[in-house]
């Protein structure tokens, strides 16, 4: 077993958890590599927090086991697992100063005073908390509070950091900043980090690998790039990307797709030899080219513009391809008006094809 | 040792009597009287006493009306056996009437020390009130009825009647013994003879009670001593109440015969019930307390305490052998009746608290509503007949 | 560091279980145990001391044929209905008045709630004094020249319930006001704005929109008031002692008097069992209502 | 667009006046609001007024006069008498003894009941175990059971525990009967705290008591205050338990009050009764007036979420 | 005056509002054109809701006047102003069915039954609420509730719609959908709409014009495009755009900018003849070109890559230009790694220059 876990920091084996009759996690397996930044991404209620709590030992699993650093910690107390955890709501102890918050765990573990002071100072430095050490959480801004919460995990010198939507309570601007800080922190520390979010931007930007969850099971575990370019199934395809992929139902026959548009999919990288049948064709709005650039591409069609959303850097066009809604992302500089007919084109290389029945990628 | 004595003697005259008793007890023994007065009437106080005894936190001594009230406690072995004290002091020799001691006796053992005799069959009259109305003070129920219109005219309440159940049932019972006579009384309550209960006499008594209800209209009284106070003030003419009312008269400095008058059995058959108060001594683990209990039992029945206590409270002593020449006219009347052997057992000795309570409820309801005498009579019969 | 097997179920959380012992004991021994004990002994002929001498339903038969119990139930019903309606009506009215962004809101609220801080004994004594015919309201009325003015509820069997109501509401309506006010404050400000934009007058908004939205708060109030009504005892003892006659007797007093005064425990237990049943009749629907609501959300 | 229902704005014409806002200070509606409140305030304050006035009058003045009128001659005699001279039986030390008894009962009962209830609430919210909600539901049901149902069995329980008649027996009774509502209060409060706080403390290695004492208690001061207010007033005002489960030398003040009011020796001394009543109500009233909003909040919190 | 208001639907004159000493709105002037979709955008607490409430008549102004449709409605009741309002929390009447919610206001105004039925049916059709008419709000999803709230304004046949953050309570996906629906609704109805939000995406995509508010005053009132390209001052520049504009402090001397980079600003469209002095140069991350495309541009520099955030369609690069942080938005296809040195370039036309003292655009 130990060998098997070489290079694996957190390993989850056949984990199941239910509340009464409701199954929240079912037979879940997951290996997180040493030093990896793994993001658990999924819609609300899919069991992300539950999984994280199981890893932390805050919720006993119904079945299955959890290994951290090669040890079976399934029945260990949270404080004995070598993990640190950061919560969405900060969960700072309001009556203690920042310093008190940072040192509470160490005091509980009866770490010597000197050592505590040293570690708090180091964490405060890393997170630029020095000037705040004597303040109480109420006197901190949201971003500062979140940094203290991270510091609380930091002082404990743990191998694995668990984050449960740590940035959801912050406004968009701060969220972007802290995201970058977190990424930098990971680059510096090199710890294993498991990070729960339902924000795809966070997932895409932070993760080494993303695990997409749905209904207590993992749908796809891969690098952000893979997930974006090669979604494993229709769910992932529809979940990732904003606006999401255009999904066109149709039939595949002898390498030709017939649906709202017809397309020769020669050049598409099939996972297995293609079989004819009902399929769904996925085209990301940003892989659609318009105007002159479109004409050179093998797949072409005409769409009618219904709504135009200028978003600054780029413009989102909500159009109709025959009867099917179709979204196109264009450069912010390009001008298009409601009612225009737009010539579009795209490259089979950037397409996705799914089996309509199994929903899996072809 | 400290001896806690619980009782409901809290009105003026009663408190004075307790004061005497405590003084004598502390003088004659080296024990300490700890007073545990509970205000209100016996129905307020008894639950508290009973729950304490049952709850295993007994007081040193407690007042009960002797009779059936404490019987179950005695049966359950919760009461101190006083037989030795009684024999040593020869209680049987001087306690008069002997029925008093009998009420304390269960299976040949004695469990309580009677302290006084209470006769509830008295009617008290205020001379000042009758004078104000320009009529002679009534000496019988019939005279009171006759004087009522004149009293009303003078703005005087003919009958001061507290509305609490025990007071209204006291009136009923006084009428039963006064109007019906001793045999009727015994036949109704001791033998519980249905024929007696349904008799015309009883029906008539209920009608008299309805008249009493009218005579007391407008009094709006609840506590008995508030009613007595109306007599003392001269704003009410008469009150049917136990001999303890004398204590209030005495406290107000009034004297029997000149300021107030008295008669027994509403001027009818002069029988007095020989109920009264007795002191019970709950079994106690502390030997010092038991010691004090025995001492108190002796003091209570002793002549000095009997004189002092009963003089203050206005009740009759339990001893046939003490000289009460100094007592006033009313007490004298009581003593004479007692000496004549015109005694009947008290309600407490014949009926369970349950039945008694139901009669109280019935009379209270009767006085507090316009319930017909007929219906009330019927219910009265049923309550008595259901006594187990 | 790592344990290999799961710990025993019973000892999971043992500290919490230990710490909750007082609660568990209270729930089981006092609330369930004592209630059951009372119910069991209500089928016996216990008098002064509890005795397991079963007599079937005899105590209940007697209970329901006792006029005093019937009067008690009647009183409780009349008092209960009136008190419930008046308390809710006054409480809501006061809450609405207090909700009008008035000045001195704290002051008014303090005035309305302070009797709640008092004991029923105190309330009873005070109202006895105010209603005293020789000194109180009747006296005032007469000394103002209305020589026939009669207002003596404490001695009038027909009005005595009003005296209880006046005192009961004096003490209790403040609580309802505060709860309803908290409920009003909990309602989304935007609903008010929406109603104003829709042109709905304030009184209509209160009645047709706000009132229905406060259903849960009203349910809480109703349960609290009802529980208080069933428990009604101290006030009666302090204010009327059940009088005049038995005109203001209530079930709780019946229980108490029979258990101790009349030394008929069986009868007292039968009466208390009836009260217990009444409580369950109020609480169970409420609990179901709440649970039902939770399931929907 | 000019429709029957919502015609185009019905404001004043542009060139029309645009002066100051119509005054909102005192329109008929406000007058009704304040009028209603003042009428109710009189209903609520009148008894208090009567009590105070009566307690400051001598008996002769009471007999002559109007209960609402202020005293012509203020006397503190009734207060002195109520506090230290009024008699029940042979005990003529007024309410003073009852006061100290009440203190001796209220202080430990408040502390203990709150301690127990707070731990209950904590265990219920943060350390749920099988059946914990069931026990809690029973507890809440218990709050509605009339006390009379349980008086007698509790006498027996106290007897078995040897606590009958002692202050500790009464304290225990108060702890038991205060438990439902105070536990509810704490449960509601603790469950309004973010559960993450508790999780964070567990990750930080704090145990059952560590989390309670070092994390939760320090941040629960408001609810503790509220609980103290509720319990002090509740226990202080109790009559039924006080009269049944104690002995006369440890009677609380309410029982003593009832005794004084009901032991009529001669005439009823209304002024003394009122003074005694005020004295008895003084502690809860003081707490109520001092705590102001907290009391209201506690009551609302304990009830609205119930 | 009446002429002045031609084509103006809502006009606000010198509006001031304070709570006690706190000034929430100060001397605000705003004209909203007939049929215009105006978005009030600003940080939390800047007074957006307050302004909207003043227009609706839900909050009396301390000073100033409000005109709607040419009438002075400053003292009119909300229901008499010809406005409909939609709230963030929906504010539906929970005990009434959807139909009841829609018709309650009309019933109250004693509109004939037939007319009510007609209007409700029309609104339900427009908003696709027909199948929901008999349901209660509790049985609706967030998006459906919000549609009912809009319907409540719709049935009243008003000229002006007021929205107070109507989409904030919805999740990202639903928000995007309803945004498009709202846009469509506006295209169909042509009413004047005033829309409060703090979400720039919503503002950019929905608005005909955006009013950027700050501390109770309007900072800039212009089309989304103008605001994006030509922010009126530093605040607007920093507020709009995600990530926001790179702001580089420096000096302008004889048409040359000297700061973290030097740049010849010939070609920049100055509002007034340029004066030398302290300035701030603004460069939007998406206007920065990298690689070969950069070399052709007049402004060039080298930056060091610190953090790379792949976001799917594009990649965000957090770099350092000398000591100054510098953000670049690149195409998702381009690859760049932490530690790389990146050649960047941009065009003066797309720059912004601000006076460092007054913060206003030059």
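Order as written gives the chain letters A, B, C, D and E; numbering starts at 1 within each chain.
Keep this in mind: contacts are C-beta pairs under 8 Å (C-beta built on N, C-alpha and C of every residue); 3 or more make two chains touch, one makes a residue touch a chain.
Quantities reported herein were computed from a predicted structural model and do not represent experimental measurements.
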For this session: Quick one: point me to the chain whose Cα centre is farthest from that of chain A.
Result: B
Seminar exercise, completed: Of all chain pairs, the one with the highest number of C-beta contacts is C-D
Exercise. Measuring centre to centre with C-alpha atoms, which chain is farthest from chain E?
Worked result: B
For this session: Indicate the whole-number Å distance between the mean C-alpha point of chain C and the mean C-alpha point of chain E.
Result: 55
Seminar exercise, completed: Here the gap between chain A and chain E, centre to centre from mean Cα coordinates and rounded to Å, is 28
Exercise. Hey, how far is the Cα centre of chain A from the one of chain D, in Å?
Worked result: 53
For this session: For chain B and chain E, let me know how many angstrom lie between their CA-based centres, rounded off.
Result: 92
Seminar exercise, completed: Residue numbers in chain D touching two or more further chains are 6, 151-152, 156, 258, 261
Seminar exercise, completed: Within chain B, the set of residues that touch 2 or more other chains is 47-48, 51, 54
Seminar exercise, completed: Two or more other chains are touched by the chain A residues 80
Exercise. Contact residues on chain A for chain D in the complex?
Worked result: 53, 56, 58, 77-80, 83-85, 87-95, 104-105, 108-109, 149, 152, 156, 164
Problem set entry | Interface residues, chain D side, partner chain B - complex | 87-91, 151-152, 155-156, 158-159, 162, 164-166, 169, 243-245, 247-249, 258-268
Seminar exercise, completed: Within their complex, chain B touches chain C through residues 43, 46-48, 50-51, 54, 69, 71-73, 76, 163-165, 220, 222, 352-354, 356-358, 361-362, 364-369, 379, 386, 388
Problem set entry | Residues of chain E that touch chain A when the two form their complex | 44, 171-172, 176, 179-180, 183-184, 187, 199-201, 204-206, 224-225, 228, 240-244, 284-286, 306-307, 309-314, 316, 318, 329, 332, 338
Problem set entry | Residue numbers on chain C that touch chain E, as the complex places them | 188, 190-191, 193-201, 204, 208-209, 212-213, 215, 296-297
